[in-house]
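Labels for the chains are A, B and C, by order of writing; each one numbers its residues from 1.
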Amino acid sequence: MSEQNVVDSARPAAAGRTNGTNGSSVARGPVASPLVLHPDRFFDPDPAIRRVARALYEETRTLPLICPHGHVDPAILATNDAFPEPTALLVIPDHYIFRMLYSQGVPMEALGIPTRDGTVEERSPRMIWRVFASHYYLFRGTPTGIWIDAELHDVFGVKVKLTGETADRVYDEIAEKLASPEFRPRALFERFDIEVLATTDAASDLLPHHQAIRASDWAYGARRVVPTFRPDAVLRIARPSWPHELAALERAHGAPITSFEAFLAALAERRRYFQALGATATDHAVLEPWTARQTPETMEALFQQARRGEATAADQRTFEAHLLIELARLSTEDGLVMQLHPGSWRDHNAPIAARYGPDKGADIPVATEYTRNLQALLAAHGNDPRLTLILFTLDETTYARELAPLAGHYPALKLGPAWWFHDSLEGMRRYREQVTETAGVYNTVGFNDDTRAFCSIPARHDLARRVDANWLAGLVARHQLDLADARELARALAYDLARTTYKFDRT
Amino acid sequence: MSEQNVVDSARPAAAGRTNGTNGSSVARGPVASPLVLHPDRFFDPDPAIRRVARALYEETRTLPLICPHGHVDPAILATNDAFPEPTALLVIPDHYIFRMLYSQGVPMEALGIPTRDGTVEERSPRMIWRVFASHYYLFRGTPTGIWIDAELHDVFGVKVKLTGETADRVYDEIAEKLASPEFRPRALFERFDIEVLATTDAASDLLPHHQAIRASDWAYGARRVVPTFRPDAVLRIARPSWPHELAALERAHGAPITSFEAFLAALAERRRYFQALGATATDHAVLEPWTARQTPETMEALFQQARRGEATAADQRTFEAHLLIELARLSTEDGLVMQLHPGSWRDHNAPIAARYGPDKGADIPVATEYTRNLQALLAAHGNDPRLTLILFTLDETTYARELAPLAGHYPALKLGPAWWFHDSLEGMRRYREQVTETAGVYNTVGFNDDTRAFCSIPARHDLARRVDANWLAGLVARHQLDLADARELARALAYDLARTTYKFDRT
Amino acid sequence: MSEQNVVDSARPAAAGRTNGTNGSSVARGPVASPLVLHPDRFFDPDPAIRRVARALYEETRTLPLICPHGHVDPAILATNDAFPEPTALLVIPDHYIFRMLYSQGVPMEALGIPTRDGTVEERSPRMIWRVFASHYYLFRGTPTGIWIDAELHDVFGVKVKLTGETADRVYDEIAEKLASPEFRPRALFERFDIEVLATTDAASDLLPHHQAIRASDWAYGARRVVPTFRPDAVLRIARPSWPHELAALERAHGAPITSFEAFLAALAERRRYFQALGATATDHAVLEPWTARQTPETMEALFQQARRGEATAADQRTFEAHLLIELARLSTEDGLVMQLHPGSWRDHNAPIAARYGPDKGADIPVATEYTRNLQALLAAHGNDPRLTLILFTLDETTYARELAPLAGHYPALKLGPAWWFHDSLEGMRRYREQVTETAGVYNTVGFNDDTRAFCSIPARHDLARRVDANWLAGLVARHQLDLADARELARALAYDLARTTYKFDRT
């Protein structure tokens, strides 16, 4: 469809949208406008840029997907059960969706979110889908809107825009598809052309689903689904749940853990266990990326305090500051790539956390500092060629000020892609523009989709490939880069860098 | 005028401008270059974007102006006296203008700024106008330049560029206009097509001008000029002027205020008084948006300390931190929309404040934190559908990092438009690009002009409508949005969102 | 070469680049691709912008170079010896280059970096050049890549892209050129059309090279190379090297310095000495730009503590906070322009500093605050028309939030250009977009190259002139500015502002 046609096909604007805080739907113009994905979408309209963007995207469009960091539940691939219905697949697990609806006054209850005591007010998936569909206009101009349109169109073949009016029709269409064998998880995995998919798993996880996948007759996927070692829970010694987490670690480890030394040994052993099931990386989330070496005596004292349930938030901060250095050391020994995801204040909305539990779309970033905070870790291991430490951030001000200068110097450091709220068209553009001039492209690690929404994986990679192609096309059109170099870079960003940095080329 | 003509009409560059620190004027090339406002101004030159931008702008260009936050003096509309002459109307009240001239070495005295003891050195409006005109080149590339050009051209019909050479001619032309009935304040108000104009008023203000407007025979404007409740002065308990402010509040309230409880009751009563005269909103300026609930005992003790003239800056900080929560609570009860404008260090230039008093263009932003600071208020009232809390910022780093994630979750939160220094072409673009992908459009509240420069109101709305049309056109040209949706959004940004969020649709 | 040709000439992408941490080279496609500098490079491809950008650039392209701040070693111009060979000229002194190579796993040793005890592993310039050339692809999309391509092409006439394959050929070509008289430093200085070049020199420097240049028969350059007074070393009282620095200052001053008063007097005397050799400016680097007036007693006590070798980091912070105010005062007296370069954590990589010494590409920016920190200095001297204080930053978040509002008010303040990591295409664009709307153009000071890489000077000015021309062209194409005004501004940014602000027009 030509650009002119898109313009010409415009219908008169509907009546002004109200910005009310209730969940009511408003008449949405003609029913069933077509859902069209323009082949040049997300490219700059300038012909000199668009021409090159098309050429570069064409080089990467069909490359397999490397998914080195994400949150897909491995159970779906272990059991390969059919997805139940559209709402459970597309709405319920996606906190991007319900945070937006909640922000506009849709109650959690209307979205089927259970309270902590298990009460669920709205149990009908179709009713929840209707609420979602009638509010789908809220996602205009957002990456969620881009991803969902692409899922609907490309994965499920939906050809009408999702609105309150088309809600039922689209629901039925997807539900019918989900019942067919072609829409089972493994079939989709193959159709998505996923070369490797890393999940994210607790340190105490025995990884039964990964074992089941490996043991299954699914030849295609047996070596393509790997775990990632994320020991956050056992580092948070101030949490009431910590004794429970330690006990789980003891069970997985198969021995009591009564000293800090034993704790470290258990972590090292668990890492080997993960590696045996294909893991190439670890992941760590902290509020601040503060690192500071403590004496063995201090660490032992903190550990015993924690065991007595007496660790404070300040104790945990110190504990984590030392542990990050130890975890980097372990990586120099076992070769696991270390990922650091700092700066999210989890469960900011206290009443919501109290009523519905954690992970309800209320994680809010805080300003984050890397230059001072990482100094101790980098002094210890930053020059070690055996370490790969990938930094992520929710604080874009650190891209050009701290992260690019750090990654442009320390051999161990690499920069993860634009993360979470910034994994968007403008967010990825800002990332490239603010990182590249100091760190270059080769100190970055390509894309990762970081999603628990399995069906959104292709859409997310496609958006990233389009954005990167368009960014490189801008460099070519401004004669900063020739097309041959741009082609190599496009492929590196879409495939090579993720594959090599996460060491999937070595397995 | 076509783009080619603009290029072709170029005159040879004049001699290099000196960057001297004195106020002398320099020969400015040919006298009386034409002042031309290009119909496509502020749109990207790319034809695919410009075509859509024009179409979207055409939808919003003639919509009435909603002015929900600003600083116009209601007296001008109450008396409807003719504006005295150009300098008093356009230069003296505009701190954007004299801050720039002062920064380039023009003394305050030469601009007619009186010292605190009332001394005024330069009393001739025409002489001040000449200084302004001969330095007008300083505003190239600034929003002030855009607004003033538009005022001169569209409001006053001036057809030559303002320079030292054309100063007198332009002055005379405007002065002549100001003498005619068509340029009286109420006539301009109607000509500007202002649907509603909110002023900003102290808590102790008895609002005589608002009463006069309502009591007048000005049918058009009687219900269109409304006050806004801004109690900042009575919250700043560490200021030497606080006892005076409290006394003024007591007079307005009609009863002594000798306890914190009485203080809160007086605020609640004053809010009802404002509401009776049409107010739909309150406004609050604090250095930090810190919120923290205090015990009743603490608040009573702070209040009594303040009455004794013993409150410190730290006391005031604590007082304000609790008061913001109380004010949010009051909003849940009376329905007044709450606006928060934090982060400006007022009167940064101590010698200037000592000599000339406050508000002399020396308010400088500081880095501002929202995630931690607002947590207590949001835990108390952020999930309450009765509250609308509109956040503003002078710290653009918080757009994507804190404000959009907060507004994209909490039902009570909305984001005010790009504020003050950022109410500019690039500033508004950065705002849209950094806010929309996480918060969407519908968690923002449209435009407000925030000005005391009455005649600049149409120019400010026009710039915002052009910038938003152009931004939306970029999304359409990149196929992120179809034109029908873009049309709805353009109208929402220009009119609907401000009208509904500030509840002008309910009165 | 037309844009279409650039696209058409593309060769198929080579095999994916590995992101390994060793220094091995990879086959780089066809040997000897041509190195082409497109005449429209760095301009937006949009025809409406490009047309104007060309016109504006044509006005500034051949203007002489004003270099008011940089780090060229004056010895090269004093002796005028031939540069030894390409590696010593282009690679060794450029920390932009070896930081990137080191970040990708190339050991310092392989780059000929000596350890502190003087050990050098790789002594062959040609071998080091080969390592550099085979990793040159790392600089794709970076300003270093832009500068080096321009140096190779325009200064040395190289016509092939630098790769592992062309390394020797390019090396030989440059080496041959360097042996000829036309490539002696003074000849290049004249060929580069440098109107004035300021070096950066320690307070205790007797400036023998500047004296030699003035005493030489080099008429062209005798008054064009001037020193800059940078007393950082004698302000860092907590450094172990401070007594040594003080002793050096005493020798230069010719008298013992045993009190703080004497210390200030010595600084004032040294400034006069620099002025006599043409200096028009001072320069100051601090971690934080904190200013705070101390009592004479405090300063005397700190000074004596420092003399006893007992000053702590906190003492130094206080000492510097007061000294910055004193240095501003001295500038009001002697008229030297004051430059402030804060916010770099020097030698962040402790093991590298221990092994190889300082300045090994491990200076990392930290978040920097100006509004609160500069308040004391500005209260003392910010309204004084005799002071020019030029602020620089590595923290781009301060451009719009703090620096532009400060410079848009205080007569003494001006903003230095985008600095260091931000002296890049995107960095300069962000600077203009974030600074101009509040501070205007005339509160900025034009470009400075800030380089120790002598041969990169023309390339750096050319990039800045292109970026500024393109930025102004965007304003013209969006009808924010007419072409006549844009021409004046282009010239101001390229030449006038640096010349007048640094007072080179007065000598």
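Criterion: a contact is a pair of C-beta atoms (placed from the backbone, for glycine too) under 8 Å apart; a residue touches a chain by one contact, two chains touch by 3 or more.
Chain by chain, the UniProt names read as follows: A, B, C = Uronate isomerase.
Keep in mind that this is a model prediction, so the values were computed, not measured.
J.: Under the document's definition of touching, what chains do chain A (Uronate isomerase) and chain C (Uronate isomerase) have as common neighbours?
T.: B
J.: Any idea if chain B (Uronate isomerase) and chain C (Uronate isomerase) meet via the same residues, over half in common, or different ones?
T.: Different: when the shared numbers are divided by all numbers used, the fraction is under half.
J.: Fitting on CA atoms only, what is the rotation between the copies chain A (Uronate isomerase) and chain B (Uronate isomerase)? Please report it in degrees, nearest 5.
T.: Rounded to 5 degrees, the superposing rotation is 120 degrees.
J.: What's the distance between the Cα centroids of chain B (Uronate isomerase) and chain C (Uronate isomerase), rounded to whole Å?
T.: Averaging C-alpha atoms per chain gives centres 39 Å apart.
J.: Would you mind listing the residues of chain B (Uronate isomerase) that make contact with two or more other chains?
T.: In chain B (Uronate isomerase), the residues touching two or more other chains are 46, 397.
J.: In their complex, what parts of chain C (Uronate isomerase) are in touch with chain A (Uronate isomerase)?
T.: Those in contact with chain A (Uronate isomerase) are residues 3, 6-7, 9-14, 16-22, 29, 33, 36-38, 40-46, 99-100, 102-105, 137-143, 146, 345, 348-352, 361-367, 394-397, 421-422, 424-427.
J.: Which part of chain A (Uronate isomerase) faces chain C (Uronate isomerase) closely enough to touch in the complex?
T.: 46, 48-49, 51-52, 55, 59, 369, 371-372, 375, 378-379, 382-383, 385, 388, 397, 400-402, 404-411, 413, 433-434, 436-443, 445, 475-485, 487-492, 495-497, 500-501
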